[in-house]
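Note that chain A is present in both complexes that follow, paired respectively with chain B and with chain C.
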Partner chain A sequence: MGTTGEVFVIAGTGTLSMEMAISNTLRSGDDMLVVSHGFFGDRFVELCERRDLNVDVLRSKWGKAVSVEEIEEQLRKKSYDAITVTHVDTSTGVSAPIKEIGEILKKYEDTLYIVDGVCSTAGQREYIDEMDIDILLTGSQKAFGVAPGLAILWAGEKALERRKSLGTISEYYIDFERWIPIMNDPSKYFATPAVNMIWALKESINIIKEEGLENRYKRHIRNGRAMQAALEGLGFELLADKDVRAVTLSNALYMDGIDDVEFRSILAEEGVVVAGGLGDYAGKMFRLGHMGNIDIHDMVSTIGAIERTLYRVGVDVELGEGVGILMGELLK
Partner chain B sequence: MGTTGEVFVIAGTGTLSMEMAISNTLRSGDDMLVVSHGFFGDRFVELCERRDLNVDVLRSKWGKAVSVEEIEEQLRKKSYDAITVTHVDTSTGVSAPIKEIGEILKKYEDTLYIVDGVCSTAGQREYIDEMDIDILLTGSQKAFGVAPGLAILWAGEKALERRKSLGTISEYYIDFERWIPIMNDPSKYFATPAVNMIWALKESINIIKEEGLENRYKRHIRNGRAMQAALEGLGFELLADKDVRAVTLSNALYMDGIDDVEFRSILAEEGVVVAGGLGDYAGKMFRLGHMGNIDIHDMVSTIGAIERTLYRVGVDVELGEGVGILMGELLK
Partner chain C sequence: MIPGPTPVVRSIQDEMARETVAFGDPGFVKDYKELLVDMKELWELQVKYS
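And then the complex of A and B:
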């Protein structure tokens, strides 16, 4: 991931890796800036408030992004011990400009840059050291293409020094200091590793290395844009603005008259399981992941299934149109 | 597990479930009694101290157990908000009399009874409500016979009420209150479940139900005693005193002249992986698990491999003797 820092792989989930980032670097009373583009940005607010941090939030309307200028202005106004940015917030499909934010943060050496990569890592560009990221965190089940069950976190020198400065922390299982010896020598013991999951992650990393990270990022862009063109061609509006739209998933708003439960259950019968909307968008949207090791067959069959579902719920759809748009985009 | 209480199954490990038990029921300044029969009993001390609990420890010499009388005396002297007991401490192979301790605790209504079942649950008798246990915790990889990766915890009414009385706690991922809605309706979302692991656990529970829990406990006793007789017959001394010896694993002390690393690597070549000693017993002992869904073939081949290893490291062993003792015990 482009870093000489430490990596942690433990049994858990993305949420646990978010908590791990906060617990190991911040103490009660610290000042925190949360950039929130949806449900998972807001999750950082709750995590921080539980630890009595002073939290300021820059929050966008769902589907929009907080501008880099706004973040810069806030950083000029007040000094922060850390800032969190969700690279891709799966609730909105908004992708944050993490490279540009990293550029600004070069001027704020005392502000740790924590990037939530749960819905992006291994799918959208993240070069940790180059982007001045201090902590990148993710889970195994997204663009790594492994089953859920692992929390994964990279911490750079600045984050590790911050951990040291905290002394003993109340958390135990997610304490960097307890895991560092094991991450450097897995024959040592702290808590039982999720062996099967780690073997699966290893295989996933082999697949990623074979493809090449930069090729993988490019493939995600190509696939994401093609899927989104197909969805729009079928009449769906996408929640995220075009200029801040993620490529790992699409958040498609239903046309009038489509019932969420009916649509998603028919789509499941057609062989594709999608997630529903979160927060205010529950019932109004479905979320379609297209990250990891998916190929053109997966994409064609997914758009095909969505077309059949539209047909079955009574939408006037020209069968094959979405698939045609998808393939046209991919052949460009 | 003989309870009407709540069950929690989350991605994690036994250590995380220990932390979950403490975080959800105790606050800074609470009084805690830890009964420690080894490395994992002591782990509770560290977990509690990190949270600024006042911890008293009743600690036995490794291989011995704290007596029920001693625990009773301590409870008479001082009132505690909770007591932790490690049912089987894998570092020593000592099994605690959790039923008898539960009997005493019936008189101490304000003291939560927390039992660490990491090395016992689904292998040694634990009937939660009957034994007055308030929290039982374990991992997936021991007597459940699943791969590592799940933290499992049962909490009774008293423990759940204690959680409520704490208000907001600083921990997020392991907060009972966040998980209760999901455990009652898994279609709800809090953090991504380790789906594959949960399917494996489900299959393991089907296997357990088919065997019957009480039959399973009896089989563990029969198997454990037979394995231990075979090990003793081969000349190993077992660390745990006979009257407090666990049946889920055996902690065998090396005879003079056996090198730990050599023994365990030859045994691995012979097809059996065992764990080394912990703490002061590192290098002096190996730990052999015989819990979960092992059968007579597993046991015969394991004792056979140990005999071949003894032969290869130069111990004067009569090949087949241990296997003979094992089978003789099982046929009784």
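And then the complex of A and C:
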């Protein structure tokens, strides 16, 4: 397969790759459309405002998604230099229809399509050319199953041309132009690569190649839906609407009477650490990841630990019910 | 089971635990180059505008 464009793998985080995408493609005064489904969509707004971009935001209620029709309507009303969409917003568990948005953007050739894949890349289907994505960005620590420490960004031809048109940019470390010679020939030096993290990501890619990327996406769908069925079977409501629900994580709302700190502390005693809710949902839900290189043992033990925790905080739970649902779904 | 960092399997941990080499080490340069090619091909980064 012939490929063009560039992929950048440098020491950093997902947030650095967000900044890298913006800094290399937009100048002060440019018009940006941000589609936000939560906390991390809103982070783009902050980044853009710091760069003096004119930002318009299409923001959904948490748990819901901005429709493709709303996006198209906004694009018809105003010309944008770029649009950002967070594929999966970790704060809400909402998955954006990135393929359908890419279809619309074919009609808007001057608008760069930037997809934040921090909570999706290597777990949910993303193909840059097929989906008309100009920049896909992510980090190493989520569906790649590598420790934190790498910023990862793919840039297509249109994004690289936009970078060239900007001339010198104020950012140094994240400048595409400085990294392109190194990405083409890693024996050259610009800034020190994170040697062991590069090896770690290479091993993650070996695992992905062995499994097959499509098989990996299918596994994430099966695992995600099974975990979500088990959580709902135990009485949790999930924040994201079913038709826009991600498969890389689940954001489970507590039943009445459950204290977040107590629940997560007991769950940790039972061997599983989960994340708390963000923003208005702090204290009202927990966030459970099920992406990357986890297996059936991880999932069964996690749902079992959640059942024991519910029992210990006084919820009338039938022990084994969630595990039964999970295994039933996985074995379908 | 937080949504990142996610569990890191043993074979990836082993790579992180390797003895660090100079970034100009020929073996490392080869590995880095292969990684970048794989990432372009797997995610199908191709030209769209000729």
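Some points to look at:
Going forward, the second predicted complex is superposed on the first by the 328 of 332 C-alpha atoms of A that agree within 3 Å, B and C clash if a C-alpha of one lies under 4 Å from a C-alpha of the other, contacts with A are read in each partner's own complex, and residues count from 1 in each chain.
Note that a residue touches a chain if its C-beta (ideal position, glycine included) is under 8 Å from a C-beta of that chain, and two chains touch if they have at least 3 such contacts.
Predicted, not measured: the structure shown is a model, and the values here were computed from it.
In the superposition on chain A, contact is made by A:46 with chain B only, not with chain C. In the superposition on chain A, contact is made by A:136 with chain C only, not with chain B.
More residues of chain A are in touch with C than with the other of chain B and chain C. In the superposition on chain A, A:197 makes contact with both chain B and chain C. In the superposition on chain A, A:244 makes contact with neither chain B nor chain C.
In the overlay built on the shared chain, the residue A:169 is in contact with chain B alone; chain C does not reach it. Of the two partner chains placed by superposition, only chain B is touched by A:12; chain C is not. In the superposition on chain A, A:35 contacts neither chain B nor chain C. In the superposition on chain A, A:126 makes contact with chain C only, not with chain B. By the touch criterion defined above, A:183 reaches chain C but does not reach chain B.
Common to the chain B-facing and chain C-facing surfaces of chain A are residues 139, 141, 147-148, 189, 192-193, 195-197. The touching residues of chain C, counted against chain A in their complex, run 1-9, 11-18, 20-21, 23-24, 26, 28-29, 31-36, 38-49. In the complex of the two chains, the chain A residues touching chain C come out as 1-7, 9, 90, 109, 118-119, 121, 126-130, 132, 136, 139, 141-143, 145-148, 152, 154, 156-158, 183, 185-187, 189, 192-193, 195-205, 207-209, 213, 248-249, 272-275, 287-294, 298, 302. Residue ranges of chain B in contact with chain A, taken from their complex: 11-16, 19, 46-47, 50-52, 139, 141, 147-151, 168-173, 189-197, 278.
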